[in-house]
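Take a look at the structures listed below.
Each of the next two complexes has subunit A plus one other chain: subunit B in the first, subunit C in the second.
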Partner chain A sequence: MTDITPNGITPLPPEKKDIEFTSDSWRPIRESRNVKEGTNEFNQAIEGISLNQEAWRRLKKNKMAIGGLYVIIFYALICLSAPILPIHSYKKIILDHQYLPPSLTKTAGDLVYEKKEFRLKRIAQKQGRNFLNDAEKTQLAELRRTIETETMVIDGKTIKTYERQYFLGTDYHGRDMLSRIIYGGQVSIAIGLVGTFTSVLIGIIIGSISGFLGGKIDYFVMRFVDIMYGLPYILIVIIFMALFGQHILNLFFAIALVSWLNVARVVRGQVISLKNSDFVEAARSIGASSRRIIFKHMVPNTFGIIIVFASLEIPHFIMIEAFLSFLGLGISAPFASWGSLVGDAVEGMALYPWRLFFPSLAMVIFLFSMNFLGDGLRDALDPKSKNRL
Partner chain B sequence: MKKILIAFAIFALALMPFGNAFANKGELIITNGAEPQGLDHAQISGVPEHRIFFSLFEGLISANPKDASPLPGVAESWTVSNGGKTYTFKLRKTTWSDGVPITAKTFVDSWLRLLAPETAARYAWFPAMFIKGAEDYNSKKGMKDVVSIRAIDDYTFQMDLVGPLPYVLGALIHYSFGIAPLHVIDKHGKDWTKPGNFVGNGPFVLEKWEPQKQLSAVPNPKYWDKDNVHLERVVYLPTDDNNTAYNMYLNKESDWATVIPLDQLSEAQLSDDYQSGPYLGTYYYVIQNEKKPFDDPRVRKALSMSINRKHIVEKITRKGESPALSMVPPMAGYTPSLGDAENVEKAKQLLADAGFPGGKGFPEFKILYNTNEAHKKIAEYVQQAWNENLGLKVTLMNQEWKTYLNTRRKGDFTVARAGWIGDYQDPNTFLDMFVSGAGMNGGKYSNSGFDNLIKKAASMEAGPARMAALQEAEKLFITDDQSVIPIYGYTSQNMINMNKWGGWYNNTMDWHPTKDIFMK
Partner chain C sequence: MGKYFIRRFLGLLPTLFVIITISFFMIRLAPGGPFDEEKAVPQEILVNIEKKYHMDEPIVMQYGRYLLDILRGDLGPSFRYPDHDVNFFIVSSLPTSLLLGSMSMGLALFLGIGSGILCAVRQNTWVDYFFMSIAVMGISIPLFVIGPVLMYFFALKMHWLPTSGWVDSRAGWITVLMPVVTLASYYFAYLARLSRASIIETLRSDYVRTARAKGLSGPVIMFKHVLKGAMLPVVSYLGPAFAAIMTGSVVVEQIFRVPGLGKFFVQSAFNRDYTLIMGTVIVYSIILIIMNFIVDIVYSFLDPRITYK
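Let's turn to the complex of A and B:
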């Protein structure tokens, strides 16, 4: 917002007044020009637009990013409200209901019956009959009776076991896939958030101090980062998990331990480039402490980059966790994460494809949304971006 | 172009009968699991290697394909003396595939080579359990001469055992009691197992070995019983991936699939080719007996009684396993002593008696298992069962195989999954590892009554009295102390078309010597 109009003509000078120096004369120019607050020289209303508002405006124009944002909000709501949602327990094992396919309409009883019937027909077919013999019919009738009568007690309520419905099918222990995916999402997203938060926090502190102080400290810190960077991080995480045991907190910690390096480097670079700018000079000249300069003046100036970085880092963490769970090093039963669900489903994926499909789908949609949002944020926050809208 | 095609078709047609005729002579193709570690009996330790060993070598004793019982091999006959402690074998006059005679000295030298500490044979501990002095030599406590085996003359071989171990004949089938052609090893060193250098004494002799591709063997013309060898060729295909192996069987690219992937099991079970039978092994959970509160038998019993084993075998493992309440699987002449069957109410009562009504105050503990889908499923089920039935908080921990074995041996666990496959057909192989202080006794079970009974049985000759002693030992171990929680007895799984192949039988060792297999 400069004083230059779009066509480059300097605006007319304001009307002259008698020169009379009063203390008012030293008021800011705008006031002395008698221009009302919120208008320009032509008395047109101006909207005060901060950088953030402008970024937000740019973000809003990016449909993919906004779509991603909505999806992420939706996921967050579902995962947070999991305990009050009307879904089955994610850890209740009902072996009779194992490997049921997804169905929106049929109850577990129908599906179990169909499965049994299909199996018996398959046996009959193999024996060269196209009808069921009496023994098999009795088996089916018995099953029908069990389905109609068997009850179980869950949370103090007696319900008919076979009237349960599984919209996304069940796994090898007859646990509801839908609720496992939702609770798995809780874990996966939490790992994404906690991991990003801790890594960004460590990265900011180390990066900014190292960049600001410079000299030997900077040199040693950065060489340390280089060494850490050279180590295969998955290996470090695996060793860490093996040493300290498989616990979800250890998992958080192990992932954060190896992932602050990037943030530290980025923040250090920013801090170095800002170190000699005028506002830092000004702050220093009025005697601000190093701590104040770093955290009040410099770090806020790196936030744009960090936000972008964080939004792209969350999916990365979810992927790491998925990878570890896939290897059997991540979350342990009865809890689940998207990664562990996918890992469990690999065995038997030809026979029970829904066990692989739905957790993968949930994960892919979330990661896509997160990436779109991250890309959108980068474009919106970086004024120099080529993809600027 | 057309002409070329027609010519090609005629050519192909002309070749076809020959191709079939070749296969018809009986080429047995086996999908054999992992690539063999080697052929030298001092270097191998796996089941795929054992299958190859059966084709290429023969020890003193060979296996009856019907029930895996001992049959004369290189030994023609034998006598037992000194209260069952000394075995004297009369060897038949036979030679290696290069014509060099096999004598009693061959056995002495081969066994000493396997036991020598510098050989570092993985299975040296096995002969060391039987032969007097073998363990001392293997653990560097003595020299060669402490091993009590000797060649009385060229065709008489004698060995002394550590006690009257009536199951030793069955154990002699094992490859660790096999022989190696030392005259060839001296000449070629490590390369002796390469085709061309290879010399064996089994029904077949190595024809070709392309690592990661195939290993084939053709009948050995110098084999003493060559008239009873029927196959034209045996081909072992290394197949690390179970699905690939099974699909090869379905596509008729192999004749005998030794594994069936779990997903394909229910389809496979409908096939006529599906062969399954009890296998001499027990899947169990071992409890750390020294740790509080698991040192209380009531706690261990409560844990055992709150698992529904029938559910596990029917719904989770689904290979036709039998739920087990005893450590020793049923075998001829032995009735296992059972632990308590599932009874959730009584389990709760026992836990309350032990001071933990409703699981209150019971420390959280871990189930350790080696990383594997099937073990994980069972562990998750048991975890949930203990949580729901007894109110216990249980977490799962998996470790990679070698780490897991180490943890288990050290006893650094609370509850761990374990499996034991019998090395020979006798209850002793399932019980003697739980003697106080034994290397495999990671659960630190210690009961002097049990120790004495096992020791007593080891000094008894075969017969009902010995079985009774072992049965009593198992009663202390399982019925009274419930030191471990047996879950199920293993089954063997194979796919082979019995209308095409004969001489193949299900047996509890899952041993199927190729010598006896023939094409119908």
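Let's turn to the complex of A and C:
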């Protein structure tokens, strides 16, 4: 095994004889030794390890982070393929199927029948009977007949209504919880991504310009950020949503309005520390414009920190949205998000606990994975970070 | 030094002013008004009502009038509950919210820093893993999930605790348990992680090694030397934490039916009760600003590098 230097170049054994200087020695090394592109001066393929590859290697060692990544990919696949998955519609209301408990094997018909039978038996017990009387038996028989015969048309196909199965139960309107959780996940994750993207975009632009220009502009922008930072911003978002209505665009707007502050601060700090570096000096000396220097040279250098930040910000946005939806200020029916599903479930959770547990579980697992991945990314991309927990 | 604090304090006033201005105009810009009823009110009555509340004046006049009222300490009459002033609602419900918030913060600080120390001292043992897994859970599970789930198990299934209510109800002080634990969970988790990381870093520093070399005992080093330095990031996190506890208490108050200020906050925005919204926002902001100010002062006491100019 030969030693491998950090560049991946195997060093040659030291030459024994004294070096003889010829006119060749003063020619560029590539020319003199007939070196091909993409190889080092000894014609070995160059396998440099970029910072990103290094980070990726560090990330791969972190089992929790990789586990989180797999879970997130799984969620993304499920949510993206929701329209082609064999699940029920998330907004189809079947009132007869109200509050059916989750079951992997039983059809809606079985559950409705059991429920009815149970109720009748309880009434009978209260009246001091051990058996069902004839009227009740006919009721059950009628129900059985309806279950066997009733059909409905969904998407142009006629199906038997009571043969539907609800693996995770149904809600107040008889809507399938499984598909509501999946479609709710779509909304929640989309809000997390869009919110993070907007806040990062605004933050990069304002932070980098402010940090690069410095002086009065920087002072005023940062004073403004400080004041905004002191605001109880969730309170303002709550008022905003309550006043202007629960439209999804309002939600995006309200969240984006207040969320860029952190990114702006971080990017500004990075830009200021990069401002006096040699490569910026070099770019300036060959006449690059300020805009080019900021967006071509400095911003890419802040990407590491921004990726870390974004990965920890996505769960944060999902939580804000869920928080608002829980208060009844976010997504409104028939659409759902994890937060609105949990919020709806609080009422009557003693009787219908599945409505609370499944959306909560879906959300918590996702947030867990995001946090693990975020922590892992921070350790990998920003190993010297002061904010390590 | 006194001068420094006064200047810092005066510096907080612009923030409050910005909050008041933003909320005032945002509320007025929103569609709908406080006197919109299901049934249309006759024009003459509407004119009279608007006159009573000075709603017929130009908005800038109203704004100026409102600022003057606030300076006198009067938050105005409620638009929706004509018999009561906003001051009345705030005086009657703020103590509840403050009690809930301060108990949660106290619990979070005590348990968070306590388990942080424990984990830092017993790093990479089962104690460390145990508390840190709880902390990760606390960070990942939103309080509006923790609240209902706690309520389901401890109140509805086990019947150990009452589902809702507050200290003045029949059940008494036991009612505070679930709201406080719910509200404290996230901040406990965050503080535990933060103080653990910070203490571990401080334990590696030179002055701690010097203290060890002098032969000081473990507890003396921890409580006299390490903690003071390690608490800096924790203290600077407290400002945002107070803000978040306040917003969190809006939800917790709703889940556990706690009669605090949070209830009025969301409701008044739906009702377009202009003065009540403004009142709650101002009260929340003042609490937040004062807390941030206290945090600043504590920070400057802890950190010898900060000088007062």
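Definition applied: the second predicted complex is superposed on the first by the 333 of 389 C-alpha atoms of A that agree within 3 Å, B and C clash if a C-alpha of one lies under 4 Å from a C-alpha of the other, contacts with A are read in each partner's own complex, and residues count from 1 in each chain.
In this section, a contact is a pair of C-beta atoms (placed from the backbone, for glycine too) under 8 Å apart; a residue touches a chain by one contact, two chains touch by 3 or more.
Small disclaimer: the values here were computed from a predicted structure and weren't measured.
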Which of subunit B and subunit C A:I217 touches, first, second, both or neither: neither
Subunit B versus subunit C as contact partner of A:Y172, first or second or both or neither: first
Which of subunit B and subunit C A:F326 touches, first, second, both or neither: second
Per-residue contact with subunit A, leading partner among subunit C and subunit B: C
Which of subunit B and subunit C A:V364 touches, first, second, both or neither: second
Touching partner for A:L235 - first (subunit B), second (subunit C), both, neither: second
Which superposed partner A:L249 touches (first subunit B, second subunit C, both, neither): neither
First (subunit B), second (subunit C), both or neither touched by A:I159: neither
First (subunit B), second (subunit C), both or neither touched by A:A350: both
Those residues of subunit A which subunit B touches in one complex and subunit C touches in the other: 242, 245, 328, 350
Complex contact set, residues of subunit A against subunit B: 91-93, 95-96, 98, 119, 122-123, 126, 172-173, 242, 245-246, 328, 332-334, 344, 347-348, 350-351
Complex contacts: residues of subunit A adjacent to subunit C: 227, 230-232, 234-236, 238-240, 242-245, 315, 319, 322-323, 326-329, 339, 342-343, 345-346, 349-350, 353, 356-357, 360, 363-364, 367-368, 371-372, 388-389
Residues of subunit B touching subunit A in the complex: 262-263, 266, 270, 311, 315-316, 371, 373, 376-377, 379-381, 383-385, 395-398, 403
Footprint of subunit A on subunit C - complex, ascending: 12, 14-15, 18-19, 22-23, 26-27, 30-32, 136-137, 139-142, 144-145, 148-149, 151-152, 156, 193-194, 196-197, 243-244, 246-247, 250-251, 254-255, 265-266, 269-270, 272, 277, 281, 284-285, 288-289, 292
